Amino acid sequence: MVKMIKRVKKRSKKVGLPPGTLLFTGEKKVEIEKIKVIDFNEEQLEINEYKELKRDLFNKDESIVRWINLDGLSSVDLVENLGKQFHIHPLILEDIMNPEQRPKIEVLKNYLFIVLKMLYLNEETELIQSEQISLIIGSTYIITFREQESKIFDPIIKRLETSRGLIRTEKSDYLGYAILDVILDNYFVIQEKIDEELDLIEEELLENPSSELLGKIRHLEREVITLRRIIRPLREVINSFQREENSIIHDTTRLYLRDLYDHIIQTIDTFENFRDIITTLRESYLSRINQRMNEVINLLTIITSIFIPLSFLAGFYGMNFIYMPEVRQPLAYPIVIMVMISIAVLMLLYFKKKKWI
Amino acid sequence: MVKMIKRVKKRSKKVGLPPGTLLFTGEKKVEIEKIKVIDFNEEQLEINEYKELKRDLFNKDESIVRWINLDGLSSVDLVENLGKQFHIHPLILEDIMNPEQRPKIEVLKNYLFIVLKMLYLNEETELIQSEQISLIIGSTYIITFREQESKIFDPIIKRLETSRGLIRTEKSDYLGYAILDVILDNYFVIQEKIDEELDLIEEELLENPSSELLGKIRHLEREVITLRRIIRPLREVINSFQREENSIIHDTTRLYLRDLYDHIIQTIDTFENFRDIITTLRESYLSRINQRMNEVINLLTIITSIFIPLSFLAGFYGMNFIYMPEVRQPLAYPIVIMVMISIAVLMLLYFKKKKWI
Amino acid sequence: MVKMIKRVKKRSKKVGLPPGTLLFTGEKKVEIEKIKVIDFNEEQLEINEYKELKRDLFNKDESIVRWINLDGLSSVDLVENLGKQFHIHPLILEDIMNPEQRPKIEVLKNYLFIVLKMLYLNEETELIQSEQISLIIGSTYIITFREQESKIFDPIIKRLETSRGLIRTEKSDYLGYAILDVILDNYFVIQEKIDEELDLIEEELLENPSSELLGKIRHLEREVITLRRIIRPLREVINSFQREENSIIHDTTRLYLRDLYDHIIQTIDTFENFRDIITTLRESYLSRINQRMNEVINLLTIITSIFIPLSFLAGFYGMNFIYMPEVRQPLAYPIVIMVMISIAVLMLLYFKKKKWI
Amino acid sequence: MVKMIKRVKKRSKKVGLPPGTLLFTGEKKVEIEKIKVIDFNEEQLEINEYKELKRDLFNKDESIVRWINLDGLSSVDLVENLGKQFHIHPLILEDIMNPEQRPKIEVLKNYLFIVLKMLYLNEETELIQSEQISLIIGSTYIITFREQESKIFDPIIKRLETSRGLIRTEKSDYLGYAILDVILDNYFVIQEKIDEELDLIEEELLENPSSELLGKIRHLEREVITLRRIIRPLREVINSFQREENSIIHDTTRLYLRDLYDHIIQTIDTFENFRDIITTLRESYLSRINQRMNEVINLLTIITSIFIPLSFLAGFYGMNFIYMPEVRQPLAYPIVIMVMISIAVLMLLYFKKKKWI
Amino acid sequence: MVKMIKRVKKRSKKVGLPPGTLLFTGEKKVEIEKIKVIDFNEEQLEINEYKELKRDLFNKDESIVRWINLDGLSSVDLVENLGKQFHIHPLILEDIMNPEQRPKIEVLKNYLFIVLKMLYLNEETELIQSEQISLIIGSTYIITFREQESKIFDPIIKRLETSRGLIRTEKSDYLGYAILDVILDNYFVIQEKIDEELDLIEEELLENPSSELLGKIRHLEREVITLRRIIRPLREVINSFQREENSIIHDTTRLYLRDLYDHIIQTIDTFENFRDIITTLRESYLSRINQRMNEVINLLTIITSIFIPLSFLAGFYGMNFIYMPEVRQPLAYPIVIMVMISIAVLMLLYFKKKKWI
């Protein structure tokens, strides 16, 4: 079943601290941070990995694009140092360290800052998990911050290594697009998972509308609500990214960004549709339950209506009055039986006419 | 009954591939692709059909309009080649190959790209089917991509052959309008079908509000929701098409496009109305069911309320106490009968007064 | 009761025909068309009536205003001819001939085109009927198209004859305003009718909430939904009419148009209110029905709860065991009677305390 | 209880009349009109009262502000004359005479026209009553039209007499503001009344959720709906008033108007909140009723489930078969009693476990 | 449990008073007002406290920033004097004195006026309390008005004393930001409290869906509605604050304000989510209750349907007719017992098949 892990939210820890104070408010997911630095242009590609931040990583060589990826955010020092090297505003660093940050874009003079959620399906646990990814896109560099290591960027690195597509010939803006594209592509996986769940629920609904099913429907609804909250702000983010007039984004990339925007619109649309379907499912469930209740009450009424008059009649001739002339008549017994059968038959005909049976 | 075929959606197959990678993600509907090329101007008309793409189809002759129609999208090579000949951006080709593309318009320097759904009613199966149609409108040519062959464009070709209307004297923009117009006209057929269904359901509701009826209502609702998703983005598409300031669209065509816009608004309006009617139908159904339940419980109450006191009375005089003076009185039996009749009559009068019977 | 006549919609007849093809898709309401031509200015007034279109009716004399009214739309030739004389675009003529046209305004170079619905209450049948009226407003002429003859324009003609108000001194734009004003004034009649219906339903609701009443509420709701669809687009229509910057509309008329806009806003507002009231009425009905059901179940419970234990007790002493010492005691009978009365009284007190009786 | 008086609406009386025809469509509330003329500037103040319109009241003296207040609108001549003296457009006069006019603002060359509703609580009858007030604000004069005399303007006149605040030193725009301010202040009284009602209902809901209570809730809801219709257009009215760029409104007044706008926003906000609270109250009521129904059915089930098996057992041993060996056993009777007690206890334990009792 | 204190609202006290009349309409929360004056720049910091307003506090020295904080609003004189010293408009002072003021921003020539609510959780009583805070931000000073003393500004004063962050080096706009930031940070505490409550309710819902639980849900909903009303206008307030083009706000501060805007969006978003969750919880509760009702009725039907026919049979053979041949048959008794068992078993099988048991 699809489930989402609930995060521990502790924004209140920061109450009263000066703005720009770095404090990682999420849970520590990795022990050791990992820094990957990829320098590339059309001719060359160099990949290095570090555990600490030893040298200045700021890229002054305009002929290459430098992509720095940091996995693990619990080291305040590391993020702060990196921030200093690239002249990142303290408030931006604060947003990076806050894993509850709503997806947004900030356009500053020398760089763009984008923060969004990656969604992935944990194959083992069948859980949908979300993880925050922050991007800083400068004209000659991109820095990506992830909460922990994951395989999501592997296809991009492979494309860089094999020079597939435009990725090696274009600049940092195209790399930024490629990173966002791979994140959004993963949303489709989630969509298909939810779609499957909905189909399963629909099937079960026809077969056996148990009360656990309603639990599943409700659960899925909350999932969809949560995911919508993660996805909807992206519309604004990608739209701003695409429209931004500055030196970082080149015209050739803009069409790709428009395509990205198109994807996110489609995703939002699908999630709206999910809500509609869930509403229909719930109504479906309720009317099935209601229908069963009606059947139950129907049966109760039919049985009661037939047997209560008969029982009365039987009880009537069970009275012990001395002077009850009928009980002494030999024909009384068969007559009473006939009357009883007549009552039962008339009742059944009445119910038949009313279409209750 | 109106039903829609569910498509197999497999967007996730593309996760990680570089953007612009062509991969047909729909189901293969035809074995062999068919290319139809129609060259025409006021004086002449030439129609050719190919199975392969042998020569360069790009039209450099500004005095004629070339309409290329491709049926069947499973051949990646074919689409790629055609794309190269007309300098179509890879992302556009990707959208053409994705049969789950949301209706949209893209305005590029040399051509417009429109993608939308055709809806048609399969007469045999009574199913509403949707098929994606993509249009590329250049100043001297139009390329249309369909998933499979269909008769939808036949009236246009006939008009071209018979020179009816303005179609032969106008340029590619008018042809584009004519193609969209014929697609949108087919929406009216679907509307009328749904309208008929709604009337049928309404009639059945008055006669026999069975539980299958609710199923039908719910089914139709999902249909309408799905169709709305297909139709609503067209508002934006046609509006952009009409407002676009460029060399491809001439002023004489603009009024026709406004008319198209008017049609789509009307269609959206009708679908909104369908939802309102469906809601009313469902409420109607539920209150009919509810009313029946009330009748059932009413009967239960009336029969129980009358006979339970009587039964008690009968049971009372069925007690075996030795010292029950009444049972020995000759008048006791008729008196008890009178009392029982009185109780029944009083109960009935009470229910009458309460308007329960 | 308020009812609306359902129209036969056959837009699908037009699928595949070239745009601008004239085909009357409504039902033929009159046998013979009637053309009324009214020429007037401050000094003179001339009214002529024709059955056919013999001469060119285009008005070149700028000192007079010519109002041409055509009743009956089934003659394609007539409309086509008139269209040619006044250089009306074929698409506009197509809209005029389609009685299902959504209310709209089109602004062309030489004339404005407005199409809207007239609503009137058929006094005999108590039916609300809608009829389409199209207006073409040029600088020196107005053409009005109606589906059939009606008295709606009589007050305007009378004002023209008696020179009441500004109508004879102003130009075609003021005449157009006067025509729209008289149409919208008729909406108030419909509003009052619906208002009356709502009051009747409310009264009946308090007296006798029968199931037919729910039918009436639902019926009225669909009426209001249909009427809203007719009325709401007018907001946009009148607003555009008022704001349009061109030579046809003079500044003196603009204030009158703003007043018209004000009326339509008020009408839309009233219809929104109708929906709110209908929702309240339905809820009112449902809670009345619900309350009655509760009373019924209450009674069932009270009677059952009191008599079932008593019946058990009676049945208990009706058992035929040989060794039942109580039945031989002379006091047993009165004691059992006392116990029964006590049970009944205790039950009644319990219900009293619970406020169920 | 809060109630609103329903007005007789007879807009249909005007169908067909030329626009600008004056006809008072409300009910006549006063027999004799009263005209009050207040001339003032920083130095002087002169108050006159007339029963008829004898002299030209148009104020040509720019050093003073003239405030003309007319109570009673049934005299068409009076309003028409006044209109002529101040060159008021006939349509404006028509709006003044129509007591069903939606609140609005009209900006004309020489004056502003504002129409809105005054709300007041009739202390005796506890009824909320609404009355239409129209303002015409010129640069040197203000004319106010009221349906009948009331005390609402008394505080303003007092402030004029005592020179409190800025009212004597400022121009007509500030006076207009002061008039609107005093009208809107009265809305707070209504708000507090409704607030009180809501509190009373809430209390009653906890103590005794009777069916009349639902009537009260529904009634209050319709009140709030009606009041919202009166209040919501004011947002637009006051905003336009504040933003209007013309010679009548001075910059010093603008801040006051912004404050007025702020008040009206707050009032609209409060009414939206009222609706939310009413919805909560209704749901509260329904769930209380539902809960009681559940208790009732619970009791029915418990009593029936316990006694029906026992009654059967009693009935069983009441059968008259000759060969029933048990009835002759001395121990049978106590054993049956034990069985009966066991059944009852087991049932009770089962209900206990199920938490139904 | 989370509760909110209801305020006494008495806006109606002000009806008829001239605008700008100062009158504290809240409840007096403190006996003695306290004025704190903090002068600071990068080098120095001076804190003074007064009980009365003795000297002119207006700050003419542009090199320092003066922050005046007033606790307690019941002294009209004090506020009026302060207003005069800083040339604050009377309407602004009126807003400050009205503790029911909707959050808003006013931009005047020499200062900005912001009014908003502080929310805090009273640790002892577990009540959410709201208090109004007004800010006047000039270029060299800030005045803050609070209803009573609280610790909310302590962290800012501490940062001023310890020179942490930018607060001592920046101007009044940054101080204004810092004050707003600390107020908004407190909203997170409230959010977490509500979040906790929701979790508690959800747990309880699974364990024991009592009717008090519905009360809690409803209560929390009203809380959230009230809080939303307080929080939603802040979106507009902070946005205006951030966009305002004037000499008071410096470019360096703007990014901080954007961050603030981001926080408030996130907060509004969370509250919208709360409503969604509450809706889900209520539906959850209702369906649990409904399910239990169904179980109850199920049991009623099963027991009744089984025992009523059996009772009838028993009653039948309890009749006292002389000529009942069966009762004399030795086998009749065991046969009847077999029949009874068969009926019971068949019924149970039927229910089993229907999945009712």
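Order of writing sets the chain letters: A, B, C, D and E. Residues in each chain are counted from 1.
Convention: contacts are C-beta pairs under 8 Å (C-beta built on N, C-alpha and C of every residue); 3 or more make two chains touch, one makes a residue touch a chain.
Since this is a predicted model, take the numbers as computed values, not measurements.
Taken together, chain A and chain C share the touching chains B.
Listing every chain that touches chain C and chain E alike gives D. For this pair, chain A with chain E, the centres built from the Cα atoms lie 26 Å apart. Rounded to a whole number, the gap between the C-alpha centres of chain B and chain E is 43 angstrom. Among the residues of chain A, those in touch with two or more other chains are 297, 300, 304, 308, 311, 315, 318-320, 324.
On the side of chain A, the complex with chain E involves touching residues 9-12, 14-21, 89, 91, 94-95, 102, 104, 106, 108, 208, 211, 214, 218, 221-222, 225, 229, 286, 289, 292-293, 295-297, 299-300, 303-304, 307-308, 310-311, 314-315, 317-320, 324, 326-330, 332-333, 336. By the touch criterion given at the top, residues 154-155, 159, 164-167, 177-178, 181-182, 185-186, 188-189, 191-192, 195, 255-256, 258-259, 262, 265-266, 269, 273, 276-277, 280, 283-284, 287, 290-291, 294, 297-298, 300-301, 304-305, 308-309, 311-312, 315-316, 318-324, 354-356 of chain E touch chain A in their complex.
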